Structure formats: structure tokens, C-alpha cells
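Provided herewith is a single structure, encoded as C-alpha cells, for subsequent inquiry.
Each chain gets a letter, A, B, C and D, in the order it is written, and its residues are counted from 1.
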């Protein structure tokens, strides 16, 4: 996997699956976010701290391509990369791999914007967060 | 179904199911709550209005017995009844029935308490809400 | 909304929301699927019937752009359109609108492929399904 | 915590929370099951192996009492105990504790029955599974 990315793993639980016997498509976005949260924890960014400052970090775009299904009890590795770092938004890339056989199961991204909770308008990402994201950024725009 | 109860229906969606091909046990509690919300809408109780007054309505107990499985696309009827109405809490009873064949699928309850958001302590249910719940109450304690 | 599309509505329930007070991003994909299922019901396509023939309909791509947040109790209208109809796949487009103020909340799509359950390979969409989808298709490729 | 119990931990993720800012009540049942699955993994019981033998393990009862709320990012410890081991069913008890301050957040149980997938009737729990559960059982009935 690429340099300057962050890896975390999670285990597929029963409720993640659907009647087709595979992980439901919507749950990959939940897996992405769990990986995102672990990534933030890793770099020391706690977005709940910004609530008092009136900042939040809504998603403006979500995308996933599904390559192979994941099943109950599979151990998944999720790679997080910072695809683009902009003044007011960040695009995080995700790869989901089966930990046992290294099959690529899904790729996708989330675009997250810093926003003023009151006005709903996009805001600059605080400089201390930018500094923590920079070492992982493939592109700084 | 019993007098003074409220009925609503919902359709099982694909993501409600799990790899056993049936609705996942945790989703019955989500069905209960959807029925609870429709019941409140029916009697004119909007619990989000109480946020400003610092009141919220957390669950303190949840219970479900599963009788028969529900499948994708099944239409379910959910009956809500007010099992017990107390000064600070209400116990809502739920029955989940298959709309087509009238099979009883699940029975359960939720105990909901009025609570002060600041202190976390139980508080009296506002009198206007009590008045709206009373006609449905099997027991007033 | 556009001709040859299908509209359905759903109510935001409490569990759809997250600690930001808005519907969680992953749930839009669940809303898309509920609309997709209602659309299939409307045109008389029951995909569970194809299980015996060894066909299933996994998603290969999911996309959503979020415009404005949805809140608890909001009534949402979801418009489904058939963006592309191919031999082995269909791209469904979705628009999520607030029923009260007509605000556009989200747009997105799902790409669904017909697949042989045994081999996992893409298969032709059965002709009777194609016939049911055609009147809604913006592009037939 | 009690002897002969099994502990596992999990981190609260954003989607676990609701607009009250706390973990949604239904998610505790999902936490219970994740702990149950880790417990089975620990004792070497893979319930998916029994599919071929036509056995499955549906839940017939679920219960939870909520003591204190859990928030985003909280690390939770879940204790699993075998409350009752019967010929055809097992009652698993759960305690959810905040890992940092040791606050008890929730207690509950699941009753799981062995069942013949074809007939839906309760069946004996296979003897090899009984042997694995016995060392943890508080009561053998």
C-alpha cells in the first residue's frame, strides 16, 4: 500500500450482512468513517473539539466502487489516504482489502468540508488540522 | 387488536435483513421506535419541542420476544399501546404482525423516561403530554 | 421533476440521525435503496424471484452528493430515474427533496449489475426486466 | 467482573450516535452481538459451520437496561457471561462499561435457540458447542 497512508482493520459483524449473505453496500461508508475516525485519532485530531468553536465537518460527497463481496467474520484492512487537501475541504481515499487473501474489495472516497455550524457556509480548515493532514496529502491545492 | 391502541405499518427493506435471510433482531427496536414516532405524531406530541425546555426522553429499558421471522418486502403492522403511564416514565408495548397472514412476529416494550438534559435526572412528564397519552393508557400509576 | 421517473416518500426516523443532529451520510444510500425497491414494486420486478435462477443484483458503484441536511421527522421525496440501461447493468439516479420546502438535499446514483450467483460474473439482465425498465430509461446502451 | 466471563472492547463510532448526542438504544444489541461473536471466536465456535447441517441460532429474546449514555469515541468494555445453558437454548448476559471511568452503561441479555433451518423447530445444541460453553455457564439446566 502507498506511502503516507494509514491502515486500520475491522471485523465484519453479523448485522453488517444482508440477505444476499454479503456486507450491505451502505456499510462500506460506515467502514470508511470508522477508518477516518481512527486516522484522526492517530494524528491527534478530535473533531468534536471544534463544536465549541462552531465548526463541524459534514460530508459533501461519498463514493464507492465494489469489487468483491465481504462476508461475515472477514477481517478487513482499510487504507486511508489524503487524496486532496484544499483550503476548506479534504478528500479522503479508502481501500478495503480482505486481510487474509489480500483481495481488493472496495475503493472509494469521502469529501469532507469544514463548515460554520451557524451559517452552514464552508470555512477554512483550522491551521493546526491542516498541519496534521499535510504529511499524508498526495495533493495540496 | 386491543382498544385504545395505535397501528402503523412499514415495509421491510433489504438492509433490514441479515445473512440468515431474515430481519436482524436489533431492527425490531428500530421498528418499535418508528411506530412510537408515528404514534406521537398522531397524538400531537413532538418531543423535539422539549429540547429548548431542557427535557429529553431517553429509553431506560428495551425488550423484545421474537416469534417468527420477517423477510425482505414483508409488510408489517405495528401496534403501539401505553402499558403503563407513570409520573416520570411511560412503558410502551409493541406487537409486530405480518400484514398479509396476520402472523404475530414479535412483541416487546420500551420504557421511556422524561429527563432533565442538564442533570440527567428523571423529571415529570409535562402535563400536556400526559393528557395526550392518558386515553391510550392501560394503567395509570 | 423529470418525465418517466418514479417518486416515493419516506419519513426521517430518529435512528437515521447522528450526533450532528442530521441524517447520517450512509443512510442516504439506504434511502436510495428503499426508493429503488418501491420502484421495482411499482413496475412489477421482484428481484428475489431470480434467486432460484441463480441471478442476483449486486451494486458495483454508489455515489452521493450532499446539498443540505435532513433532520428528524422530515418528510423526504425521492425521485428514481433510470440513467443508463445496459445489457448487464443499470444505473439508477436519485434525487432527495424535502417534501415541505422542496429543497434539494442530495443527488446520487447506484450502478447495479446482473450477476450469476455461482460464478460471480456479470450476466444479461433478463428480457422481461429490461422491458419493464425501458419506459423509464434516459439512455439505452 | 465475574469469573468465567469473557471481555471484549469496542470503540463508539459516529454513526452509532443519534441526534441526542448519545449511542442509539438499538445499537447496544449490535454491541452485544459483536461481543457474542468475539466470545464464540474465543471458544472456537463458528456458527456459520452449522449451516450445512441445517442448524441456525436465532434470537428469541433480547433485553437491555440503559444506565448511562455512551458518547462518540468512548471505548467500551463488554462482558459476556453464560447465564443459562439449556438443552436447546442459551441465555447470554452482557454488561457494557465505559473503559475509562468504569461507569456501568448498560446490562442486558440475549436468548439464543438452536433451530432446524428447515422446520423452524428448536433443536439440541450440538454437544461440541455445549462442551465449549459449559466452562462459562453459571447455570446448566
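Following the convention adopted for this analysis, a contact is a pair of C-beta atoms (placed from the backbone, for glycine too) under 8 Å apart; a residue touches a chain by one contact, two chains touch by 3 or more.
Quick caveat: nothing in here was measured; it's all calculated off a predicted structure.
Farthest from chain B, judged by the mean position of CA atoms in each chain, is A. Set against one another, B-C and B-D show the most C-beta pairs in contact at B-D. Note: centroid distance chain B to chain C, computed from Cα atoms, is 29 Å.
With centres set at the average Cα position, the gap from chain A to chain B is 34 Å.
If each chain is reduced to the centroid of its CA atoms, chain B and chain D end up 23 Å from each other. Residue positions 14-15, 22, 26, 30, 33, 72 of chain C are each in touch with at least two other chains.
Within the complex formed with chain B, the chain D residues making contact are 20, 22, 25-30, 33, 56, 58-66, 68-69, 110, 120. Interface residues of chain B facing chain A in the complex, by the touch rule stated above, are 14-15, 17-19, 21-22, 24, 26, 71-72.
On the side of chain A, the complex with chain D involves touching residues 11, 13-15, 30, 33-34, 37, 41, 46, 48, 72-73.
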